[in-house]
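Both complexes below contain chain A, partnered by chain B and then by chain C.
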Partner chain A sequence: MTSGWSLIWENADRFAAGALLTVELTVLTMILAIPGGLVLAFLRLSRWRVVRFAATAFVELFRSTPLILQIYWVYYILPVFTEIRLPGLAVALTGLVCNISSYNSETFRAGIVSIRRGQWNAGLALGMTNAQVMLRIVLPQAAMRVLPALASTWVSLFKDTALVSVIHVNDLAYVALKIRTETFVILPVLNAMALFYWLMGYPQAKLVDWIHRRYKVAE
Partner chain B sequence: MLDFSPLVTRWHFLLNAFWVTVYISLLSMAFGFVIGVVVGALRTYGGRGIDRVLGFYVDSMRSLPQLVVLVWTFFAFPLIAGFSLSSITAGVVALSAHLGAYMAETVRAGLTSVRKGQMQAALALGMSGFDAIRKIILPQALIRMLPSLGSLCTFAIKDSAIASVIAVPELLRQSQIVTGQTYRYAMIYTTLMIVYFLLCYPVARGVDRLYRRVAHLGSS
Partner chain C sequence: MSSTGRVGADQPPILTFEDVTKRYGDLLALQGVSCQVNRGEVVCMIGPSGSGKSTLLRCANALETLEGGRITFDGADVHAAGGDARKVRQRMGMVFQNFELFPHLTVLRNVTIGPTTVLGLDRAAADARARALLAKVGLSDKAGQHPAALSGGQQQRVAIARALAMEPALMLFDEPTSALDPETIGEVLSVMKALADEGMTMVVVTHEMDFAKRVADWVVVFDQGRVIEQGPPRQIFEAATVQRTREFLSHLGWHGESIAEVAAGE
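Right after this comes the complex of A and B.
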């Protein structure tokens, strides 16, 4: 049995690959969940009741159930309806995107609603269409206001990616737990896993605090 | 597909698991709240040194995944401490430590949101600092914190499902045992989605409603 930190060093490339996948999952999910959240937010502000209800139901379902269960659910329910078995990574991404899109939609909706009615009226009085007012007047102002909330969602997303390890996606958590079962070296491996997450997460948490201070809504 | 027999034949087993989920959620909410009030108050009023140390704890918990905290507490902590924890104890300890950090942030935001004049008035009336916080500042702050506390309570319920990875016999874990025996994955996990939704959604909406009723008590 190899002892302690030399074992971590020997497996450095596997840890690095896991950490890279964790970062990739976080980035990719957010890139997909920003348009996803915007679409859901627009649907929830729609003038048709059926559309509003469907979008609200989707958002509330994904906000009120555990992400770990959502990942299992997508993993087992997709093949039932589509008869295709997606690779684990795609399943993980689907679950994360549905979840984060729901949270983002609430953030965007709050941001859009927070822009005063007068801004709409002024835009319309200048002869803009609804879509133009939304794109040129409301969204640019809302974007600054939602930044702090988006940043907080980013950090929880980074943490939540660890849950994809339950469906055998080779992220940092999965790699660490796998090395533990292969080698029976428990303490150093689990310490290393926590340390690597901490090293990546701590600066992000600090950055979020800074964004909150910098872009705080003051009226 | 719609064969509910696994749920019917094992309803007792799953009902017990449901109560374990409720039990560890409530415990981690309670301990998390205590940690949150103590840490939040100490960070607000305890001076710079204490703020730094406790800030390190809070920010560390904000940067570590729940899964990592749970696994570390259950598998690594006993090797350092020299005694082992049952999975439920480890689960509650880890979830409380994690949730407590978020509660602390909420409490701190609530306490600092109460205007300085309230504290000065209380001190001018001859109250001790501790009494002023307990009787004047904290009650107002608690009302203002209600929306965040409510969403943290739903997080406690949702995070309890992650305890399945350290074999806490809660709802998700026990359902996995049932799926392993019956292979009714889609049906059982869909049922679970509904059960967790029915557990979390009323908590979120209930707290919102309560807040709308009492919000005026928090303004000064």
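Right after this comes the complex of A and C.
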């Protein structure tokens, strides 16, 4: 019987691969969920009611149900209705992107509406189109304001990616839980999993704290 | 009311308001306002807060819609269906009470953003134009700063430069000194005075009576969404015919004499 820590050491490459996938999932999800959130935010600010309603329904669905359920949905239900069977990683990514886009859309929307009417008027008074005012005046300011909120979402996302282990995506959580099942070594494996998440998550949380301090709204 | 000798009376007016009505819910903000602005003229709009002056200004460049009446700029209906409000706004500079500089851009970029995005000027030409205007308002050394690093008076001078960068035919000033500390009001008024001396057509909503008296060619007095009196400053300030005008002026402590130091610059 190998001791706990030597077991971890023997499986270092698998843990490393899992950790890498966790980071990749987090980065890819955010890269897609930022434009996704922006599009949803624009749709929710649309002048057409039908568009607003559809976007709101989407956002509220994904904000008000558990992420683990959404991942199962994409995994089991999407193939039934669409005959699309995505590989596990794509399923995980789809679920995460829908979920995080919904959160991001609320963040962006709050940022956009927080820019006072006078800034719009100043841009329009120069002869700009609405799109130009949005792109050059409102969005850059809104982005600065919502950066802390986006950073917080990022850290939550990093930890929540562990949920994709339920559909056999080889992320850090899945690898750890699999090694546990293979070896029946429970505590050391869970401790190692906790340590690895913490080692990666703590610097991110600190960075977020710094972003919060650095980008406090100053008028 | 006589318009004999009014500045620019030999040409068609650049801006006209005909029976303009504006409503916010139950509040009738403008109740049939008519007046005009001639080319080369400085028109000051005065009156108590909430009397409709600022609303009229925002209607002039279609930042607000109308419930009734007509506003023409250079002969064309500003609010005409299918009309292009942007074309009108490009030729009307506007200066706001709260400056409304773009806080994420440097002073220089605040001034160039109009010409580059709206007029399609290239960066170099826009920069040259902006630097000349910043020199004109006395802020050449602030080009690389962000607005937050400037005083209120400096910010408002940048805002004036930003509006001038579009080379407008007409400048609208919406209470340009109301949000300023007393010690910086003068620097803004003197920039405006210099602009007036160059012959810029200006509409100025203001509570600075001394400025109105010394710089305006024409004064329009508002009360409760109506024009109650208009005429040359001498008539308004020294021989107002309407009781309400005299009440308003005396309420401000105006009794015909010069009030404060209006840094008119000369």
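Here, the second predicted complex is superposed on the first by the 217 of 219 C-alpha atoms of A that agree within 3 Å, B and C clash if a C-alpha of one lies under 4 Å from a C-alpha of the other, contacts with A are read in each partner's own complex, and residues count from 1 in each chain.
Convention: contacts are C-beta pairs under 8 Å (C-beta built on N, C-alpha and C of every residue); 3 or more make two chains touch, one makes a residue touch a chain.
All values reported here derive from a predicted model rather than from experimental measurement.
When the two complexes are overlaid on their common chain A, residue A:150 makes contact with neither chain B nor chain C.
Touch criterion met: A:72 reaches chain B, while chain C stays clear of it.
When the two structures are aligned on the shared chain, A:175 is found in touch with neither chain B nor chain C. Once the two complexes are overlaid on the shared chain, A:19 sits clear of chain B and of chain C alike. By the document's definition of touching, of the two partners only chain B reaches A:204; chain C does not. More residues of chain A lie in touch with B than with the remaining chain of the pair chain B and chain C. By the touch criterion stated above, A:128 is placed in contact with chain C alone, chain B being left untouched. When the shared chain is aligned, chain B comes close enough to touch A:190, but chain C does not. Those residues of chain A that touch chain C in the complex are listed here as 118-119, 121-129, 132, 136-137, 140-141, 144, 218-219.
Listing the residues of chain B that touch chain A in their complex gives 1, 59-60, 62-69, 71-72, 75-76, 79-80, 154, 157-162, 164-165, 172, 185-186, 189-190, 192-193, 196-197, 200-201, 204.
On the chain C side of its complex with chain A, the touching residues are 58, 61, 63, 86-87, 89-90, 92-94, 96, 98, 100-104, 113-114, 117-118, 148, 162-163, 166.
Residues of chain A touching chain B in their complex: 60-61, 63-70, 72-73, 76-77, 80, 155, 159-163, 165-166, 173, 177, 180, 186-187, 190-191, 193-194, 197-198, 200-202, 204-206.
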